Structure formats: structure tokens, C-alpha cells
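Presented sequentially are two complexes of chain A, the first with chain B as partner and the second with chain C.
Up next is the complex of A and B:
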């Protein structure tokens, strides 16, 4: 196992120490009790607090998205392991500015159960909590860690757009509804050229042959739709984009946000090659890419591969996407 | 070779097509003649044009740094291959707004010779050109492609700081002097856990054993100082930081910008672990990290590893670093 780490069991704590030292202008990191990251000025009075969380190993998601205009807090679990309800509860309390708190939950069984428990505990303490589950992955119906579709790339877009709505001081019910609508209009699929190695496991999660790839893979290396011999970027992009486009379905005349995501070990040069193919496919179907995001934003440690997310835009989504954001992982206008 | 590409010989052209389609608000990509990327509003009248360029495979550098507040143009060569003088000449002409043009050149023999030739050709056409060579890598004196030290991480910082000075409409001599001063006050060193594979070569540039790493490696896989068994992040950070700190030397009381760069295949979680170690080392020497940059900004395709750059700050560097920038690869304030 070749990693820039000290002891495998210390990776998450040391990463959080790094974040705390690097970004005190953006966030505070709580490490005395349950681990969580909150924006530096939390709680913001009168603003809905927006929280997400999940296993570590997907950086910059979620901790890198804490800041003005996006998340109020993130709860990092161990690598590829759900955070605990007490992390979520403490984060919920830390961001409660009196306007309620929204939990954005990726659809993995552990995350969903733990966020539900945390929401119940927070409500018992008098905090209004709503939760939205993200399940945008069209690859498989059920999978290793999930009943129903998995939550993947649309999570990043939901956090940005929902965070912007909360920043405008919209009420909780409205912020939650926007988040649900982003999920309803977003679809994703991913693929892997290589596996990744969880630090405390010390060996690759799965094996792929020298000339093999896997289509429809999850962000924890969960099995996808199919393994097949390596294909060209044009063919791979088609294999990802077609099920996405057909599922919603996206139609001629639609405006979309196209998100080409790197899984952690794939260089940017290849993501732009994929974006180029995706732009051709969308054009061929009369779909206009009005906004885009290209880079490693929801990763799977050092896995090589990519995922594509398409979000059908409306004027409100576009305005909220364009709104200023200031986080370590995503920043503009501030 | 596992890559998200079509034909190896088309990688750079297709990447540029992807950039052109993704970022028309930021850049124009010229592909009819010699390849180059210029900011969308080039030439900006009365502003010094700032250009860089080099082999592809180091993305987002340099094309991802074209935009307001940073580069006016970038010339991408083939992967790990210097761009040609005609690319640099055409880019120079395209950004000439009457105030002269600065060439920021990483110290590799091919880049230096070709930029010199381009500068001569541009001068023959009546354009005032200055050039600054970046040579911040303390690892080795001479190397495979270089006489003297190689230009690495300080290039990113020089492009940002110099670009901000040009944006303020400072004259060419002043902009060039600021660039020289950044180089004079910046030091870097890198390391690799794995090799990378140049697309048209089809096999790894070098081999590293299962438990082996290389310290002092260049961004094209050029040999470094030494190969050794894999060490912890704390030990690796010490091996990189000590030669950097001792070289300038950085002294107690100094304020620095600390740049922890990923080589392309290393996930962000590990870069924050390294940053955490670097912060301890700097603190131990009485050096204050006043600004930082953490992520993959000057990469070596999918190589796993990292580099550290320290830049001794002064008030002017800090102000110019903080100035607004709007590029695909680096953005704040706009």
C-alpha cells in the first residue's frame, strides 16, 4: 500500500488537523468530542443550517464544501464508513441558528439510519430538522450498501444549490424542497479503471485486470453493471451518458449542468477529453450544456476513473449555482 | 495503459477542444494553426501580456491558469514536450496590448531555447518581450532535461502573483521584476510513490518497487536524489521540507506561502496529512504559514506523490496573491 500517511488509523484525524490549520478563515474543526467541521461563523442566526456527511475518502466532499454559500457543517466518518449519530447531532446543534437544519444524506443504509437517529435526537432537543436523501446513481437498483439507488455526484450539486438557497435566508421547507428537486432532476453514473485501497484494509478493494474496466461502479468500489475490456474515451462516455440521458429522460431543448468528476487518480487532462465527448453527445441530442463542473469533487481515494452527472437546470437552479461560494473545494464570487 | 483517452496522438487536441467548450467565458482556444489558449478578452489594451507554456501533462498548469488576474495565454506542447517557437510567437502576438509581453519559462532546455527564439521573433515584429526563467527545484543541480535547477511549483505562484501585477497595469519591467523576485524567494521539492505513463509511450516512464519511493523527482519523471523504502508522511514531509528550508534559507520570523501539490494520482486526503506535517515543521522553526495552496496544480499525469513549495512572503506578494483571479484552475474574488 503506497500512501502519504502515517498510521492508517490516524488518517482521518490527521487530515482534519491539516484542514483546521489550513483553513481557519473558512472552518472550525471539532475534534475533542465527535469529529465535525463547521463554518467559521456558525451558527448563523436566522439561517437554515445545511449539513452533510459520510465516510471519508471522497474528498473534497464533504468537508471541503463547508463555508459561505454551501454547507454549514460536514461529519466525516472513517474511510468509507458512515459517521455516527453523535457526530451528526453535535454538528446539528453547532449550526442551529434558530431556522432549522437540513440534513443532506447520500443513500447508503448506514448513513440513512444514522442521520435518522441524529434527526430524532436533535428534534428531542427542540431543533427542527428535515432530511433529503440523494439517490442519483442510475447504474444499479440495489447495491452492496444500499437499498435503492446510490447517492453520488448530484450530492455535490445539491450541496451547492441548497447552500445558496439557505444563504438567502429562505425557510427550511423551501430549502429542503429545492434539495429534493435537485435530486429529482439529477442523474449520474461512474466507471473505474483501477480499484482503490482503504488504508486500514491495506489491499485493493477489488481487482481489475490489466485491460479491464468496470462500468457503473460505486464510490466505495461497490460492483457496477458490468466489467469489460478497456474502451476508448468516446465509447466510455457513451456508456455512461446514455443510461443517464434515457433515465430522466433528458430531452431536446433541455439546459443542463454537466459535471465530469474524477475519481481521485485520474488526471484533469483525461477529464477534459471525456467532457469533449460528452459535449458532442449532448449536442447530438439537442441538449444545451449551460453550466459545467470538471475535476475531482466526489472521489474514491486514489481510484482511476470518472463519473458523469447531468442536472436539468431551471432558472432558479442556475441562479443558485451561480451565487457566490467560498469553501476550500469550490469557490467563486468571494 | 489505462487512460480515459481515444488515440494517444489526439489527447492534447481533444483536451483543448474540451477546454474550449467548457470555458468560453474565460478563454479562447486557437487550434487552426499552432495551439494556444488566450483569455477571452485578449489582447487587453495597455496591459502587459503574461504568457507561459510547456509540455502538456501538468494540468491544470498552464492552460487552466489563463484568465483574469493570471495568465493571458498558455502554449501547450505535446505531453512532456516543449511547445514550439511558433506557438509562443502566435500567443505573444495574440496578447500584445501595446504594453509588452512577459514570458514565464520553466527551466527545461527545450522550453528555454524555444521561448528565446519566440522572443527574438516577436521583437523582430516590434513587440517588447521580457522573459523570466523559473528554477525553484532544490532536488538536483542538473538533470535529464535541464542545466541548473528545474522549474516546478514556484511557477504556479509566479503566474498568480505576476498576473495580478499585470492586471494592475504595472509596466513590463516591474511585472518582470516581481516574477524574478517570486522565483528568488521560492523553493520546491517533490517525491513520487509511482511512475506515470506518457500516452504515446504506452508504458511507465520508470519503475518503482512495491515498497519503494523516489525523493527529489522531477515533474516528467526525471530522476531525483534517491530511491528508498517507503516512509511515513511525517518522514517524507521532513525529507522534502528540510532541503527547501535550508536552501533559501527560510528563517525564524519569516512568513511563507506553503503549497502542497498533488502529482495527479494522489488524493486530497493525503495532501492534508502532508500539510499537517509541514505546519508542524514550520512552527518548529518559527516560520509562519500566512497563505497556503493545497491540491493538484502542477501535476505529472497520474503519478502518485506530492511536492512542497515554500515562498517567502512580503506585503506586496501577499496583496498580489490575494487579488481576484478567475481561471478554470484557480479562482477567488470573481
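Up next is the complex of A and C:
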């Protein structure tokens, strides 16, 4: 294992200390008790608090999305392991400005169970909590025989759009509904060129030959649904985009936000090659890419590979997407 | 024959040691069909439990179990945190105020614990989860006590049933948890959670059945 770390067990705590030192204008990092990252000005009175959380190793998600116009707090777990209910409870209390708190939960058993316990605890303390579970990964089929689709790329878009709605002081029910609608209209699929190494595991989660790739991966270094010989960017983009387009389905005349995400180890030059292919495919189907996001935003440590997310836009989503945001990971208009 | 409070503490400590020894093994199992963290998760949780134990060593068994459960909930994370946390919290609710456990007490506690895991995780038998070790273990323990077996024999039966349940998960396709994302590719691998559950019940049998010094 070759990593820029001190000790595997200190990675998350030291990363959080780094974030605290780097962005005191944006966030506070609470490390005395359960770990969480919170907006510097939290709680914002009268505003719905928007929280997310999950295992570490997906940076900049979620901690890098805490700030004005996006998340009020993020709860980082150990690498690829969901955080614990006490973190979520403390974060919920810290962002409660009297208008209730929304939990944005990626659909993984660990995240769902821990957030459920946290919501129960917060409600017992008199805080109104709603939760929206994000499950946009079309690589997972047949929900009856699985834990359901994973929450992947649409999470980033949901956090941005939902955060903008909360910033406009919309009530909790509306903010939650917007989040649900983003999830309902977003679809993703990912692929890996390499595996990745969880610091405390010390070796790659799976082995991938020089000329192999995994299609249908999630964001935890887990193997995907199929392994196949490496193909060109055009073929790979087709393999990812087709199931996404067919699933919603996205139709001719639709306007979309196209998000080409790097898994952590893939350079932007390759992501733009993929974006170019995606733009051709969308054009061929009469779908207009009205907004885009390209870069590593929901990563899987140093894994090489990418995911594609398409979100069907409406005027409200577009307005909320364009609204100002000021976080370490996304920043415009402020 | 009963299980003393000290024996309960010994079981928790023994399991923490077993987890420490099997940490890498559990993580390897999880690497094959999950995300390579089950061993690390359990180890982190039970190390925290070890530091908490002295603070409740003079309390009743119910308080002891609840403290173990709450500590797991707040330190393990993942799916295993709420699931094992709930297991121990339910053991605690079933043993409130008790300073020793009869065979019937342990059966009631185990039943409450297993039901707690099923309610929280909503897994069915055959989904390839820890439930596939826990449910057969509970069944075997009940069957043994129904046929008037002594406590040590019933504990052994439960551990053996858990082992068989664990081994049975290998050919199955997972339908719950992270492993279910793999579809058919999850077949051929033993479930990590069923493995840790077997180790938990084996530790109970090893501690309580073989170490007669603890069982009065």
C-alpha cells in the first residue's frame, strides 16, 4: 500500500483536522465528541437544516459540500463505513434552526439503519426530522432480490438542489419533496479501471487485470456486476449511458443535467473525453444537456474510473442548481 | 445451572479477543462480497466495549448488555453496528435487573436479541446475512432445552447450528446488504456477518460450557 498517510487509523481524524484548518470561513469541525462538520454559521434560524453523511473516502462528498447553499452538516464515518447515530444526532441538533432537519441518506443498509436510529433519537428530543433515501444506481437491478439501488452520483445533485431550496427558507415538507423529486429524476451508473485500497485493509479490494474493467460498480471499491475486457471511451460511455437513458426513460426533448464524475484516480482529460461521447449520445437521442458537472465529486479513494449521472431538469431544478453555493467542493455565485 | 454476571463479562471479553484474532479474516470475507470493513468495524466496536466494561462490571446483566449494545451502536457504524447493537440492547431488555441467568433466561434473551436483528434489518432466512447463523442457533438452543438437555449441551448445539448456518450461506446469492449488489457473483463466498455471529455463539459455548468455573 502506497498512500500519503501517517497511520491508517488516524486518516479520518487527520483529514478532518485538515479541513478545519483549511476552511474556517466555511465550516466548523466538531471532534470533541462524535465527529461532524457543520456550517460555520449553524444553526441558521428559520432554515431547514440539511444533513448528509456516509463513509469517508468519497471526498469531496459530503464534508466538502457543507456551506452556504448546500449542506448544513456532514457526518463522516470510517473509510467506506457508515457513520453512527450519535454523530447524526449531534449534527441534527447543531443545525436545527427551528424549521426541522432533512437527512439525505444514500441507500446502503448501514447508512439507512444508522440514520433511522438517529432520526428516532432526534424525534425523541423534539426535533422534526424527515429523511430522503437516494437510490439512483441503475447497475443494481431487481430490487426485490437486493437491498435496492445504491445511492451514488445523484446524491451530489440532490444535496446541491435541496440545499438551495432550504436556503430560500422553504418549509421542510417542500425541501424534502424537492429532494425526492431529484432522486426520482436522476439515474447513474459507474465503472472502474482499477480497484482501490482501503487504508486499514492495506491491499486492493479486488484485483483487476491490466486489460480488464468492471462495469456497474458502486462507490466503495466493491466489484461491479460484470467484468469485461477494456474498451474505448466511446464504447464505455455507451455501456454506461444506455441503461441510464432507458431506465427513466429519458426522451427526445428532455433537458438534462449531465454529470461525469471521476472516481478519484481518473484525470480530467479522460472525463472530458467521456463527456464528449456522452454529449454525442444525448444529441443522437434528441436530449439537450442544459447543465453539466465534470470532475471528481463522489469518489472511491484512488480508484480509476468514472460514473455518469443524468438528471431530468425542470425550471425549478435548473433555478435551484444555478443558485449561489459556497462550499469547499462546489462554489459559484458567491 | 446458571450463567453468572462474571461469566457474561467473560463472554464479552472472549468475543472481543476472538474478533481481534479474526479481524483480518472477517475483512477478507467482506472484501469478496462487500466492502472490506466487517472485521475492522467489529474490532473497533469491541475494543470500545472493552474500555466500557469496567464502568458497569458491578451492574446487573441487563445494564451490562445494554451498555455493550449502545457502545456498538455508537462505534461500529456500517450495517453491523445497528444490528449487533440492537442484538445486545434486546439481550439487555430481556435481562433487566438480573444478576444471573437460568437456561430459560438465556433462551428468552437470545430470542429477543435475534428478533431484534430481524426487525431492524428485515432480512429473511436465506438472504445470506447474520440472520442465517442466528436463527438456526436460536432454534437449536430451544430444541435442546425442550428435550431437557443441560445448558452446556444446549450452548454447544446452538454454536454448531450457527456454524452450519454460516457454512450454508456460501453457495447462496445475497438478497440483503451490500453483497446483494453483486447478484450471482455473491455465490461461492461465506457471509461475513454470519461468520461473526457464529463466532459470537461459539464464544458463548466456549466460555460458558467448557469453563465450568464460571458456570455455577
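Operating definition for what follows: the second predicted complex is superposed on the first by the 329 of 334 C-alpha atoms of A that agree within 3 Å, B and C clash if a C-alpha of one lies under 4 Å from a C-alpha of the other, contacts with A are read in each partner's own complex, and residues count from 1 in each chain.
In this section, a contact is a pair of C-beta atoms (placed from the backbone, for glycine too) under 8 Å apart; a residue touches a chain by one contact, two chains touch by 3 or more.
The model shown is predicted, which means the values in this text are computed figures rather than measured ones.
After overlaying the two complexes on the shared chain, residue contacts for A:189 are found with neither chain B nor chain C.
In the superposed three-chain model, the partner touching more residues of chain A is B, compared with the other of chain B and chain C. Applying the stated contact rule after C-alpha superposition, one finds that A:236 touches chain B and leaves chain C untouched. Of the two partner chains placed by superposition, only chain B is touched by A:264; chain C is not. Of the two partner chains, chain B is the only one touched by A:294; chain C is not. Contact with chain B, but none with chain C, is seen for A:6 once the two complexes are overlaid on the shared chain.
When the two structures are aligned on the shared chain, A:313 is found in touch with neither chain B nor chain C. Within chain A, no residue touches chain B in one complex and chain C in the other.
By the touch criterion given at the top, residues 34, 55, 77-86, 108-110, 113-114, 116-117, 139-142, 145-147, 150, 198, 200-201, 205-206, 218, 220-223, 225 of chain A touch chain C in their complex.
Residues 27, 31, 34-37, 40-41, 44, 73-83, 120-121, 173, 175-178, 180-183, 185 of chain C touch chain A in their complex. Within the complex formed with chain A, the chain B residues making contact are 2-7, 11-12, 14-19, 21-22, 56-57, 59-60, 64, 193-194, 210, 213, 230, 232-234, 236, 264-276, 279, 289, 292, 294, 296, 299, 301-302, 304-306, 326, 328, 331-334.
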